[in-house]
Each structure stands twice: as C-alpha cells, then as structure tokens.
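First subunit A sits with subunit B, and in the next complex the same chain sits with subunit C.
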Partner chain A sequence: MMDASERLRRPAWLRAWGVALVPLFLAAAYLGLVWSPQDVNQGNLIRIMYAHVSVAWIGFVAVGLTALFGALFLWRGKRRDDVLAVASGEMALLFSALTIIGGMTYSRPTLNTFWTWDAKLTLTALMVALLVGYFIVRALIDDPVRRGRVSAVVAIIVAASLPFNYLAAEWFRTLHPSRAIALDGSGVTMAPEMLFTLLFNTVVAGLVYAWFMVDRARLGRIEAQLEAERAERELGSVPSGGVVRV
Partner chain B sequence: MNDLLAVLWVARKDLLHETRSKATTVATLFFSAVTLVVLAFAIGQDESLLRGAATGALWVALAFAGVISAAQSYQADLEDGAFDHLLTTPVPRAAVYVGKLLANWLFMLLLGLLMLPVTFVLYGAAWPTAWPWLLATLALGTLGFALIAVFYAGLTANLRARESLLPVLMFPIVVPILLASVRASGALVGSDDLALAQGWLRLLVGFDLVYAVLCTAIYHFVVEE
Partner chain C sequence: MTRRVAMRRGLAPRRIVYALLGIGVLGVAGFMISQALNTALVYFILPNEYAQAPSQYENRRIRLGGLVAPESVAFNDQDLQLTFLVTDGIQSYRVEHVGAPPELFRENAGVVIEGSFDADVFVSDNLLIKHSEVYEAPKDGHIDIEELRRSLQ
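Our next item is the complex of A and B:
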C-alpha cells in the first residue's frame, strides 16, 4: 500500500517534460508574434492563425485518439484504455473550445463578423456539442465497465460523424458563397518562414496536449484505483486478485 | 437465415404493438402536424418565404417525431422487463437493433408520406416533376435518421433524464442527414434541379451505409444487462 502523497507525486520525467514545455511555448509564441513575416493581405492578423490552426489540428487528433482508445477498451477491456480515452476526450473538448474562440478572434477583424457558417467552424461547434454529450453520458453511468463501454461507443460514433459533418457543412456553404476565404492557407502558397512557424506551433501544441493527457491519465488511474478499493471495502472481503487492476 | 427471421419478428412485434396501442401514432402524427403549423406561423405570411421553407419545415417536423417514435419503441419494451426477455433470446443483439430499425424506419416513412401533402398544402409549394426522387430522399433521409435514433434510444433507455438526453446526443450526429435531406428535397421542390439533388443523395447513401455497418457492429455494447 502506497502512501497517499507518494501516489499523487508526478514522476520526474513528467515534471521535466512539463518544465520543458515553457521555453518551447515561448519560442513558438516568439516565432508567431515576432519572427514570422507579415502577410500580404492580412498583415499582422496572420499571427492569430499560428495559434488558431495548430490548436484546431491537435483538437481533431484528440477526438480521433479518444475514439481509438475507446475502441481499444471495447476490444481488450483494460481499464487503462478507458482512462486514456477520457483524458484525451477532455483535452479534445478544451482544444475545440479554444478553436472556436480563436476562430472568432480571427474572423472578427478579417471577415468583419464573429461567426461565419464556414465548414470548419461549423464542424468545430458540432464537435463541442458531441463531446459535451460524451461527458454527459459518462456522468450518468455508475458502473465503471459499463460506463467505459457506452462512452467508447459514443466516441466511435462521434468520430465517424466528423467527415460527414464536414462534407455537409462544406457543401452547404458553397450554395451560399460567403466572404470566407481559405483560412488555413490551403490553396494559398505560404512563405517558408510561415510554414515553419505553423509547423513549430503545431508540434508544441501537440506536446502540450500530450503532456496534459498523460498527466490526466495518471490522475485517472489513481481515481480508478480509489474507485476499485472503495468497491472492495463495500464488499467486505478483499478478493486477492483485485477486481480492477490498472 | 435464423437471424433474418429474428429481425423480422422483432420488427413485427414492434409494429404489432403500435397498431394495437396506437400511442406513438397519435402522438407523432399530431405533433408533426402541429409543428408544421407553428413553423408556418413563425415564418409569417410572405408566400415566397413559406414556399422556400417548406422542405426545411417538413424535415424539422419529421426529426422531432422520429425522436419520439424511437424513444417510445424502447419505452414499451422496458415496461414489465420485456426488454430483458428480448435480450435473453438466443439471437444476436444486432438482430434486435435491425428489427427495431426496420419498424422505426417504416413508421417514419409512413409519417413522412402523410406529412408530405400536408406540407405542400400549408406552405403552398408545387409538386415537383421529379417526384420519385423526392420519395427516394424521404426514404434515405428517414433511414439515416432512424439508424441514429434507434441506436441512441437504446443507449439512453436505461439512463436518467433520457427524454432530454436523446435529442442532445443525436441531433449533432444527424446534422448531415438533415442538411442533405432538406437540400435535396429543396432542390427538387424549389427549382427542379435534379443534378444538385443527386449530389446530396450521394451523401445520404454514404451516411446510411457507414452507420448501418457501424451501428449494427457495436450495438451489443450498448444494451448489455
């Protein structure tokens, strides 16, 4: 039996990773805000794009990983996969919320409106709604195994819906041509400095996502252990094999 | 072969229950008619606006009614623990899903066929020349909707607050279905633009295929116990 504070302590490598994120983040901000050149059309506003697009990309990756860990849980039934799915899902929700905020910040000065029915923005809004649904379902089921299975199913359905939602939103928009331009630079040739800045920002955003996810999964494992120990205590006798081992 | 029979028996059971109790029929029929009227009030008296909104209103009415019908189809089963008995029968859980899907789809299709003339009269829209394509849109759209509705209704049947939870969970998923159905039927009714409608129908077919496979494959994780 481990001591409680011992259990809660972040391992050294995770702490080192977290500390390393600070200079990386500052470097990404410097590249985006100072080093990269101004855009021909958008001037300094292009600098919003680095933070916005990198966060959006990682948000989509996070949703995909949530579904992937969910599928692994359905396949192998290991509690660890469910814990990872939740950790990734929470980060996906955070990153898509940040994407919407970033998108609105970006489109107010460039397109003169907070909200356009741009396909990507619409898709992100739907993604937030879908992820909130995922967490509502989780909150309503007490049995950990059933909770893991049902929420894994929801995550898979959600991830499968994203391409359809994107297609529908994209076609919907082309019927109503708006003033939206390709915001992520698709079809627009980017200066190499810009591309490098965007990729650097994306990598840093990915590392931030991964750090929070790993740390959240660490807490999730402790939670799961606690839940299992409580269940054992309520049952009275402690089965030697342990009901849920993580 | 046996599984196919099981599918048909589950569908038959649901439809038989409905023809005898008529609870869902009465509720959804009047509910969708009332929705059409209320939406017409909301849009106002401008005739061209009304005509343009006809297909959108029809699909909104069908979507709301579809949620009720899917939730009801489990509600009737859950009373007296009949659903547990259904699950103990030695057939794959997927057969239960497909059977319920079949019953709900037929129900929604019938409801759509009944609401179609009502919409055309209330909203003053013209019957399109390519009307078989309108029926195809109705069939594919209600199928996609029923796929998701029956799946999520099974998922929420045992949860607290299921009435409010079901639409919250499923509407973001069926957005492409609603968009494609509204756009396809709008293209047919408004402008007789067959090519545009067929583009949207392709999206419907793709959605239906993907979710038919996916939902059938993972349904048994949803209804255990």
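Our next item is the complex of A and C:
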C-alpha cells in the first residue's frame, strides 16, 4: 500500500499542465484586454464579453459532462464515474456562478441593469440553484451508491435545461443578446479578431476547467479508496450482522 | 444496536439543517420558475402589440421593447428629462424617462423600457438597452439598422 504523501502527489504531467495554464491565461487576458479592437457600439466594454461568454460556454460543457458521467454511473454503477461527475459538478457550479458574476459586470454598463428576470437569466439562475441542490443532495445521503444515483438524476435534470438556456434568446424575447455564433453554420456576427479572441479565451477556460476537473477526480478516487478501506476495517471489527453497505 | 441509535442521534441535527437547506433551495427554484413563467416568456411587448389592445394593459406596469426612433431624442440635463420615440417600425410611442441616458443609448438602439402608459405617453422609470448580437470594430460609424431590427424580433 502507498503511504499518504505518495498517494496525494500530483503526477508530473498534471503539474506541467497546471504550469502551462499560467502563460495561456495571461495570453488570453492579453488578447481580450489589449489586442482585441474596441466594439463599434460598446467600446472597451466588449472586453468583458470574452471572459463572460467563454466561462459561460465551459460552464455549459461542465454541466453536460456532469450529467454524462452521472448517466454512466446510473448505467454501469462504477464508482469512478460518480467521482468524475462530482469533479465536473463542482466546476460546473463555479463556472455558472462566475457566468452570473461576469454577466452582471458586463450587463450594468451595457444593458443598464445588473439583473432582470428574462428567460436566459432566469434559466441560468435556476441552473446555479439546482447545482447547489446537487451538492446538498450528495451531503444528505451517506450510502455512496444511492448518493451517486440520486445526484446523477439531479445532474441530468440540470442538463435538460441547457438547450433552452442556450437558445433562450432565440426562442423567447430576452434582454440578453442573441448568439453571435450560430453552431448550425448560419453565420458569425463578430469581427474576425474578436472571434479569435473569444475562441482562444474559450479554449483556455476549457483547459482550466479540465485541469481542475482531472485533479479533483484524482482526489476523489483517493477519497473513495479511503472510504472503502475504512468500511472494510469496520466490517472486520463489527461482528456478523453489522450493517455496513458498500 | 446502541451504537447505531447513537449514530442516528448524532446525525439528526445535521440532517435537519440539510433538509431545511434543501427546502430553501426548492423554494428559491420555485420562485424563479414562477417568475420565469410570469414575465420571462413575454419579457416585453412591442408598440404595435400594445396598440392592438391598449385596454389589456391599462394601469399595468409593462415592459415595452423597440428601437429609439431617429431624431426623436431630447435630453434636458438640468432636470434629467429624457424623451424619445420608441418604435417597432409599425407603431411609435412617446417615452418620458427621468434619468441620464445609459452609455449605449442612441438613435436606432434597441431599448426595453419599464413603466406604464399615461394616455399615449409611456412613462418609464427603468431604461434598459437591448443591443444586437453584432460585434464589430468601428469603421465608418455606420450602424446596420436591419440587424438591430432583426434583434428585436
């Protein structure tokens, strides 16, 4: 058996990835804050958009992956999938909360309000509330299998709201602007330099998400292992008939 | 057996706290859903929609969405009186708003205004900007009105 410090050590490739994120983050910030041209209407305020939109997209991806790993856990019942789901879920909550904070920052000087209850903002607030619920549900259930199953269902419900959220400005009248980049190929209404800056920021946000997710999953696996070892020890000391479910 | 009972007792306060938190979150979620159903699906109405059934919106606080009609803006910086015409291309209404215009407020800009009608004048107490999804570097100062109009559909 490995000792604790050995087990907790971050592998070299993961450390290298983490270090590489620093210059990438600085490059993304440089593109957004300095290199990108001003917007014809918004001037320098456009620069907030790069942070807001990239974080929002990766938040959506994080919610989707949380639901995907949750679904895999429901299907195969492997503890590993539940560990990945939680790791992604924590980042989904963080990125969604940052989306709202960044959105409010961007919205006050451009749209003249911090908040309004339009469809897109309401759905995003609901997403954050449900992600908080995801962790409350997890904290309430002690049995790892039930915990994983119930929270996977919550994650899938949150993910079901993603298409509505993504297309909210197209489907409903909102204050939030519509998408400038249509994934169906019908066009991009953004200057090429702005598009490049946004995509670069999105890739970096994605790498940041993935790094924390992978590292959190690594810790989650150690956690699960320790939990299993503890259960095993208790099983050994408790006389037959003791109630320990793994 | 006694150990199990003791464990249960130890868990009880924690469970109550989590249960209360859960109820709180559900309450917030329910509130948000009801907000969404009440207001978000039709976040604002267009001037011509109001014109078709003004009695439906009588004495009610509504949001009106449209474009700021060109050459209709007047702002008095002494008493902060802002007046302009809001239009959807079919119908226009005069808007009276107290307060400095927001930074992105300009002719042909999309706006959503909150307030109520006083006869045929919309008295606004909240002026929001609905900008289009077009982002471009300044070239010749030209604004694509068709794009703005589409963003209001």
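Convention: the second predicted complex is superposed on the first by the 207 of 246 C-alpha atoms of A that agree within 3 Å, B and C clash if a C-alpha of one lies under 4 Å from a C-alpha of the other, contacts with A are read in each partner's own complex, and residues count from 1 in each chain.
Heads up, the rule we're going with is that contacts are C-beta pairs under 8 Å (C-beta built on N, C-alpha and C of every residue); 3 or more make two chains touch, one makes a residue touch a chain.
It should be emphasised that the depicted structure is a prediction, and the values quoted were computed from it without experimental measurement.
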item: Touching partner for A:Asp118 - first (subunit B), second (subunit C), both, neither; value: second
item: First, second, both or neither for A:Met194, with subunit B first and subunit C second; value: second
item: Partner chain in contact with A:Val154 - subunit B first, subunit C second, else both or neither; value: first
item: First, second, both or neither for A:Asp81, with subunit B first and subunit C second; value: neither
item: Subunit B versus subunit C as contact partner of A:Leu167, first or second or both or neither; value: first
item: First (subunit B), second (subunit C), both or neither touched by A:Glu90; value: neither
item: Subunit B versus subunit C as contact partner of A:Thr110, first or second or both or neither; value: second
item: Subunit B or subunit C, by number of subunit A residues touched; value: C
item: Partner chain(s) touched by A:Leu126 [first = subunit B, second = subunit C, both, neither]; value: both
item: Set intersection of subunit A contacts, subunit C complex versus subunit B complex; value: 126, 129-130, 133, 136-137, 140, 169, 172, 175
item: Touching residues (chain side subunit A, partner subunit C) in the complex; value: 37-42, 45-46, 49, 109-113, 116-119, 122-123, 125-126, 129-130, 132-133, 136-137, 139-140, 169, 172-175, 177-180, 189-191, 193-194, 243
item: Interfacial residue positions of subunit A with respect to subunit B in the complex; value: 74, 126, 129-130, 133, 136-137, 140-141, 146, 149-150, 152-154, 156-158, 160-161, 164-165, 167-169, 171-172, 175
item: Touching residues (chain side subunit C, partner subunit A) in the complex; value: 4, 15, 18-19, 21-22, 25-26, 28-29, 32-33, 35-36, 39-44, 65, 102-105, 109, 112, 126-139, 141, 143, 147, 151
item: Interface residues, subunit B side, partner subunit A - complex; value: 148, 151, 155, 159-161, 165, 168-169, 172-173, 175-176, 179-180, 183, 199-200, 203, 206-207, 210-211, 214-215, 218, 221-222, 224-225
